[in-house]
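Naming follows writing order (A, B, C and D), and every chain is counted from residue 1.
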């Protein structure tokens, strides 16, 4: 039971202090129009879960520059110098996570799994404070599931049942994030009638999606 | 680098004693033509990993009737009375696994994860002999990854790069199995030119597939 | 009641438990009939664990598509707005709490909400299929079954058969009764069309708390 | 050698390590150039961790598709036979051992095959991106980098920077040398076009075993 709403309505669903998953990879496949509306709203103290903090001029990057983020759980901040500056100045907490581990932690949150057992990060700063398990003679890190209050996604196409379709490399973290948040809002380039996306080709089933917003591409 | 081969050639790649993942759900989405060829070959002592043992008249079910299976790791044997009979007679070892756990164990095998942490099976016979972990005050079973020597899959369509596309409910375990075996053979209804499957719509990328066989649908 | 009436009584009552927009998984057998008593404006989405949402009615004779079957392997249809996926996403939906209600049969269910429905040691071992994941993952677990097996209670103080899951059942719906599983024990909240409290107690081994409404 | 010659020398030599049909992930920066020296008949498939296989050349000016970018966010192309997927499948490919070779830069690499390439505490913390998964998961890990940083060795007895992974590097290729990581230590197996054994030793802190062929 998906509903089509406006950008401002979508932005208003994000409260101060919320934990927000945001799709995209350096902004590609990111809900950049909703993020613009969040900047206008000036919602504060967000914890974001995302691949990266983009560049200072776009999407998440602008939220960083505008000091709306309290904590960022990301794999990479190299494309946005302002994130590094705020981190070093103690203004922004950054938890760096290996990219595959981030995908699995979100997936575990959405799939009802108790955690992720991976070798990525062993004998590096990533393992600090974490449980290690020996399984069949090999060490694995136990990484915790991630969930969010809200997921802001970007899809190329949605049908009116909320089924999503992603073009090219815009898919990235969007499908796993759709499974792991209380409320899921998808910004889309195009809204089509039910039936225009073949049920075989649906990438995120509409049951995961609460709201659709026509974006600004 | 995928190669198109014949049914008999495919069957010959399965050796006595091999561990074989077999796609399908009560035979739907199962590589039933390759399995027919396996019956002709009369390869023995197989360990199969599959959702179920189908019916005595089809695919895996016929392998059971023909006593070619030593061990079955499956979620359900109710549709094939012969499996239950052989199990009770001590002729066939059956490891019953919850269906979601089976999918995750195969996925973990293919994704380089150390195991699966799930609540499914807690306080049931499924937990016997397994490690339990308390994570954030909740118990989880640690289930081990599964890998195989060979995966026999069924897809509706393959292009000549080995990219696979599944229609309807034939997808089931095929995509995860494609990631978890040393050698992957896909029986397909149709072989098309590269480009005829949109790269967005590929469900199993060709890098996972070694051989394609035109099946008998 | 004959068999058909029993099924109808149970399925109709289960249908009332579904809320608008729910995602629901119906087990094989009796639970399947629940779909017959859900009307379209409820916008219920049925999930089929072999890999889709939008499960529709059985396929009409001659119009079966061998690529579209339900979890029992029978030819069915997919409704507009439905979507197919693999087993991994199917159980992400199930285990991850994205199914609002799961309706299953039982061999035994007990006062702690324990469920046994997948094996009778030495006699019948069909396997659990997706049941263990469904019962652990769904937000609400409804057992839909005949109240007793030829007069032998199935609602017990304690299950004697190997469990499917512990303390996961929320509600039991039979042709004779609606019973809620609460921390205080089983509460009898409704009677079937032909049953009295005494009838129910006679074929129920577990202690029942009789709700105020029935007194 | 000027910068361009250094890059060409390293990239060409890395390309020789690739076998027909390999699935290869190239890191951002110098490793990207390896693709320029691989010809089509090698049937190499490049993997892009943001979500596809079949990574092709950079998009031509005016023909950029904003929906198709590489892991550096730059517009690229996808070759015929390629496929897009999500981050979850992308790292199933990477972590699960389905990438034959990964080629990455390094800040430091040491005699045990330890790699440091993601942070200089207090100075530069870009994050690890997909590097930790790639190094742990790929069948063969090739470090491709300039041999030294302004004369300061990068190939050390022991890394001093925080690690990306321990004991995962298999081979180091620089403009001066090809070095294999073995249980016995680092083995110098080849020299760059303008380098002598003495040149290499002068800018390498780790002990090097000189292979027979170079003696």
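Here is the rule we go by: contacts are C-beta pairs under 8 Å (C-beta built on N, C-alpha and C of every residue); 3 or more make two chains touch, one makes a residue touch a chain.
The shown structure was predicted, so the numbers you read here are calculated from the model rather than taken from an experiment.
Common neighbours of chain C and chain D under the contact definition above: A, B. Looking at B-D alongside B-C, one finds more C-beta pairs in contact between the chains of B-C. When every chain is reduced to the mean of its CA atoms, the largest separation from chain D belongs to C. The centroid of the Cα atoms in chain A and the matching centroid in chain B are 32 Å apart.
Mean C-alpha positions place chain B and chain D at a centre distance of 35 Å. Chain centres here are Cα averages; for chain A and chain D they lie 28 Å apart.
Chain contacts: chain D has residues 52, 78, 84-85, 91, 95, 136-137 touching two or more partner chains.
Counting partner chains per residue, chain A shows two or more touched chains at residues 104, 107, 111-113, 118-119, 166-168, 199-200. The touch graph of these protein chains has some other shape, matching none of line, ring, star or complete.
Chain pairs that touch one another, listed by label: A-B, A-C, A-D, B-C, B-D.
Note for the complex: chain D touches chain B at residues 20-21, 23, 43, 45, 47, 52-54, 78, 80-85, 89, 91-93, 95-98, 136-137. Residue ranges of chain A in contact with chain C, taken from their complex: 1, 107, 109-113, 159-161, 163, 179-180, 194-195, 199-200, 202, 205-208.
In the complex of the two chains, the chain A residues touching chain D come out as 25-29, 51-52, 74-79, 84, 87-88, 94, 96, 98-104, 107, 118-126, 156, 166-176, 203.
Partner chain A is touched in their complex by these residues of chain D: 48-52, 65-69, 71-73, 78, 84-88, 90-91, 94-95, 119, 122, 124-133, 136-137, 162-166.
The touching residues of chain B, counted against chain A in their complex, run 104, 108, 111-119, 133, 135-136, 138, 140, 142, 144, 165-168, 200-201.
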